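After this come two complexes, each holding chain A, first together with chain B and then together with chain C.
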Partner chain A sequence: MQRIDLFPTHDYKGYKLRAGKPFPFGASVVGNAVNFSIYSRYATACTLVLFKNHAEKPFVEIPFFKEFKLGNVYSMMVFGLDYEEIEYGYRMDGPYDFQQGYRFNKEKVLLDPYAKLISGRDVWGVPPDWNSIFQYRGRILADDFDWEDDVPLETPIQDSIIYEMHVRNFTEDESSGVKHRGTFAGIVEKLPYLKDLGVTCIELMPIHEFDEFENSRLSPDGKGVLYNVWGYSNVGFFAPKAAYASTGRFGMQVDELKNLVKIYHENNIEVMLDVVFNHTAEGNENGPYISYRGIDNKTYYMLTPDGYYYNFSGCGNTLNCNNPNVRDMIIDSLRYWVTDYHIDGFRFDLAAILGRDQNGAPLSNPPLLESLAHDPILGKTKLIAEAWDAGGLYQVGSFPSWGRWAEWNGKYRDAIRRFLKSDENVLSEVKERLCGSPDLYAAHNRGIKASINFITAHDGFTMMDLVSYNGKHNEANGENNTDGENDNNSWNCDWEGECDNKEINFLRHKQIKNAMALLLVSQGVPMILSGDEMGNTQYGNNNAYCQDNKISWLDWNNLKKNEDIHHFVKQMIKFRRIHPVLRFEYHFGYCDYKNTGYPDISWHGVEAWNPATEFHNLTAAFMLNGQYAVGGNDNFIYVAMNMHWETHAFELPVLFENMSWYVFANTDVKAPNDIAEIGKEIEVKDKEIIVGPRSIMILVSK
Partner chain B sequence: MDNSFNVREEGSHLFVELQGRLDTNNAPLLMEKLSAYKGKGLDTVVFDATKLIYIASSGIRTIIFVKQKLGSNPKIVFFNCSDDVKNVFTMTGLQNYIDFKNK
Partner chain C sequence: MQNIKVHQVGKILDASTSAEEQAAILAILDQNENVALDLSHCTYVSSAGLRVMLYSFKVAKSKKLVLYLVRVSDDVKDVMKMTGFDKFFTYFNTVDECLKS
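For the complex of A and B:
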């Protein structure tokens, strides 16, 4: 059936037009027309500017007629456009009054905030025309895609094992052996690897369009260029980065990313996105006009009473997240990634900003966070907050959650790192962390599942560097090593940096295994930093945001070099996946409330049932009762942790009469005997086990 | 550039010769031409891609349309396709619709 309202009513310079449909915002193909719709509260006039792909000057500029505006929304349909061959932008006219926050400038051509496809940075590292009046251009998308019967997987978060990775760094190095290096297609080529590793979810660092040339400069040794590699700097919230797609040069990044999600879903692996709604790439008052500043500055940004930009992000500006219209844009964006890309979850960068009001003050009931927690489309989407910002608002344990938000548990990271380097004052906190941090999440019944446990992330040292460096070495960033975290709680095992010493390397590998063992037996959701499973190093750089080279790129030769680490991590992941007693949803009762004979969890020391604190608070063990797990018939698991520098005998708790203890893992043993195949654990005939210095042993009952 | 397509029918097989580019300039024309074979019970459509140098998003969609809309779910064969074009299909996940055959 043909619609009766799809014919032109106006003519402008030969272009046939019609009043558009206000929804959806952005550019959409409707029959043989393209519908353009854009919102601005304070603009007084708007012009649609059309270019042929890559052309320097537009081929036509069409003003929105008075009858094309409804409320504060400009919308028009343009007929007969060759929509794959054009790029579009807007000129917005309005007041200019710095102090009042009005910064309209009709000389600027602006990117549509709702652009679903953005060109201008199509191939990584190819310098654009710096003189172009319009750097980041909107393009029009055919958004059909045959998902067949794919839907987001809805894997329960407490059963998830998250793998944090960077699209380009993952396969850009030659050693990756993939055909389409540094791209979404490259990640698809590595599917067998990730499937074999056993992670349930990949978390991609920002994939929204960003400018890799932002802040680009010569490297301090003069031999290379520093780029914005990590991408925490949004140009648009609805478009994937073209240069992350091998087909980006053809404008097909949308299909390529959707294909990645579809294939990963077919293999039961979820895809989560790291999203950056706290600031944009436009910087402060000295920054460029890319989009928001020119479209509706006062709406999009948190401004001081003098018209300057609040900087709670540390990046020049702060997105005005609790302005109702910006809130709508954020919700629209997230919904779009779920409906059109079938994304399973989001990790919100500097999420504390999302809880600040339009003047920057923290809200007790932030409308944006409440909306997201209750949104119907996002109803089963995982929501993870990095619950702090650069303005001092630290909300780990107190992020407004409505029972839906999980948090990056920075306290877990710090406690475990301190324990690993034999800090004598951290054991009682470590116990809380291993139990899913009830001190933080048991209140309001947020549950163990609110705790995203991690020891390493993109910010900070890799796992290998955590055990190889006492201090950061970021000289290559050109900031005199002043950037990056100073308090790393790292320990270099008695030598700074790479070395050939067999003993030191054995200890380093063991410490990595200790860390991974703790991470994967902890209650809560483990997150692994991409590359740690193969002992990847960044040579001591703990803030490699600008290193587009071997410092950041995963070196796949490490798979062979650190085979023991890879094997250990793989087995630990398998172990976690088959034992539901490691994956409670809600916190422990710490007693035998089901009358099974043993409490759900019990703490021990070198003596069973006696969690004493001798040996400098560095020895402890816990036992999980499998009868409390989902299904009620998991094994007992006993974990002995000896972070003391001397060997200790741990007395094993006595099990039911027909049961024995079997050793699954012992980090003090040389590979491959450090960890068993599932089902091939070794029986313990004694009443005690000998746990070596700085070692962990994991036992199962059978 | 010649925007027309040579289409040849042989029993239940259809042969289509592609040249140069397949994009919004000519994809709709191809779609129109192939629509004429709807319901004719074709079991294979062979695209000769020897001279095809570039396929755009709209071109790919036309190919899928052929498979979905001709009514008989025909097999789609791309004959002598360049690696570049084949890569585009693979990376956007659409390669499963197509049988790639070489000389």
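For the complex of A and C:
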């Protein structure tokens, strides 16, 4: 049976046309036609502009006829286009009135907000032609990847171990040894490494199309260029970054990314995306026309009464997330990444903005967040909020959740960092953090699974720098070291920067192991910053967003240099994965509510069963009862933490008669005896253990 | 292999040639013959070209026929690998090897 509605009704300069279908927005291939559809509330006319690939000038501009407009949507089918060979954009006509928020300019060729494939920045770092009238060019996608049986993995979030990484920085350095450096294909080549490490999920820093040349400039030493490396600045919400694909120069970035997801899924590793729906790359009133500004400025952006841009993102503009149409676009985008790319979850950058109304005021029941929490397609998708914004809204522990949203737990990061550097006033908070932050997440039935625990992330020091620098060293960013966080809670172990002193280096490695041990025995979802498992340094730069060089690129030589750290982290991950008692979904009862003989969790000190705060509040221990874990028969686990600068003996709680304690990890001991192989833990004969200065010991019952 | 016909693909397999190449391959499959797709002269396969190959493969499979690839250049193979198209096919270095298989 053939469709009867695929015959042209109009002719324009030899191009055959007919009225299009308003849905879906964007450009879709329908039979032998391409259906173009775009929304603008305030435009008065729209023209489709078609280019041959990379051509300077369009080969035709086709106005939308009056009968091609329905409501506020322009849609048209164009027949007989060789769609792999063309790029498309739009011109929008309408009022220009700054104060009223209208910015129409029909001289500008605009990118489709729904473009699924964008060219113009196809190969990383190749300078664009700034005179081109069309910088970021929509292309038409053959949307037909063969997924076979693949679906998102739906790994329970409490069982997840997240690895936060940057596509380019991960393998761009020569030491990565991969063929396709800095790309999706390079990540595929590194699959065996990540599988061996044991993480369950990779979280990719922004992969939506962005422009690495946005605000690019000469580096302060004049020897290089500073780029927008991190990409927290969207050009398009539906297209992957072409230059992150080795095949981007052929326009095959979509297939390359989908292949990555498919192969990682085959190996039981999820793929999560860091998404930036709080602002766009168009900047403030002095920024360029890329898309949204020219298509419907008043719809897409939060504007002041005088027509300026609100700047809750710190990046010049703020996406108007709770405008109903923008809300729809965000939901369409997320659904698209889940249905077409099988993405397992999203981390929302500066997500507090998503809960502001159109004037910027925080909403008590933000419709966008509620819609996402209840969306049928996103029903099993992990939703993680960075629960603050640059406008001063801080919602860690109070982000509207409907039982669905998890949060980057910034308070976990701060408390654990302070404890690690022997801050005497933080132990009571640390106890909350290690238990999945019940003070933040026990209410509204959010549970432990709402807490994404991390000590380091892309913002701020790497783990090695956290123990090597007291202050940030961002001179290379060219802002006189004024950028980046000042409040790092870091401690350099008595020497600023890299050094040859063996004792200092031993202490730094020990501190990293302490941090990783705490992260991986904490209740909640651990997130590891890529490279921390091998002691990667950024030389004290805590805001390396613009460094496309050795500062940012992961140096794989660290694997050998810091072999002990890598081995320790790998064993800790294994330990977490085999012990469900470390992965509760909901909070503890702090008592023996199942009458098993021991409470689900108990706190101890240097004396068993006596969590008295001694030694400057820097010693504590806890015991987890495996009978309360999923399955009911996990081991007991005992963790002794001594952040005091002197050695202390910890009395062990007595176990059931036929059980003994075995040492799994002791960060005070030199590798390879700092951590045991699973099943080869060493029995403790005494009633107490000796925990060295600034050290952690982990024991299991057998 | 009995009942196999060699189809020589042109220098470029992209949107401009895909319809023609697709029709030629389908014509062979319509005769219930297996296909050896000889890419020895082909230096570039675009996204549309990869889809011609995979579509033909799937049509062959649905007819219980086979479609083999012969002399795929390293560059083309690399692109196929990165985009996940490589895993469906069986590869041969020469037409002879393919026919003898």
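Please note the rule applied: the second predicted complex is superposed on the first by the 702 of 702 C-alpha atoms of A that agree within 3 Å, B and C clash if a C-alpha of one lies under 4 Å from a C-alpha of the other, contacts with A are read in each partner's own complex, and residues count from 1 in each chain.
Everything below uses one rule, namely that a contact is a pair of C-beta atoms (placed from the backbone, for glycine too) under 8 Å apart; a residue touches a chain by one contact, two chains touch by 3 or more.
Everything quoted here is computed from the prediction, not taken from an experiment.
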Practice item. Once the two structures are overlaid on chain A, check if chain B and chain C clash or fit side by side. Key: clash
**Study point:** First, second, both or neither for A:132, with chain B first and chain C second
**Key:** neither
Check your understanding: So, A:146: does it touch chain B (first), chain C (second), both, or neither?
Key -> both
Review point. First (chain B), second (chain C), both or neither: which does A:325 touch?
Key: neither
Review point. Between chain B (first) and chain C (second), which does A:180 come into contact with in this model arrangement: first, second, both, or neither?
Key: both
Point to revise | chain A residues contacted in one complex by chain B, in the other by chain C | key: 82-85, 142, 144, 146, 180, 184-185, 188, 245-247, 250-252, 255-256, 258-259, 262-263
Practice item. Would you mind writing out the residues of chain A in touch with chain C in their complex? Key: 82-85, 142, 144-146, 180, 184-185, 188, 245-247, 250-252, 255-256, 258-259, 262-263
Review point. In their shared complex, at which residues does chain A touch chain B?
Key: 82-85, 142, 144, 146, 180, 184-185, 188, 245-247, 250-252, 255-256, 258-259, 262-263
Review point. Quick one: in the complex, what on chain C touches chain A?
Key: 14-16, 46-48, 50-51, 54, 79, 81-85, 88
**Study point:** Residue numbers on chain B that touch chain A, as the complex places them
**Key:** 23-25, 54, 56-58, 60-61, 64, 87-88, 90-94
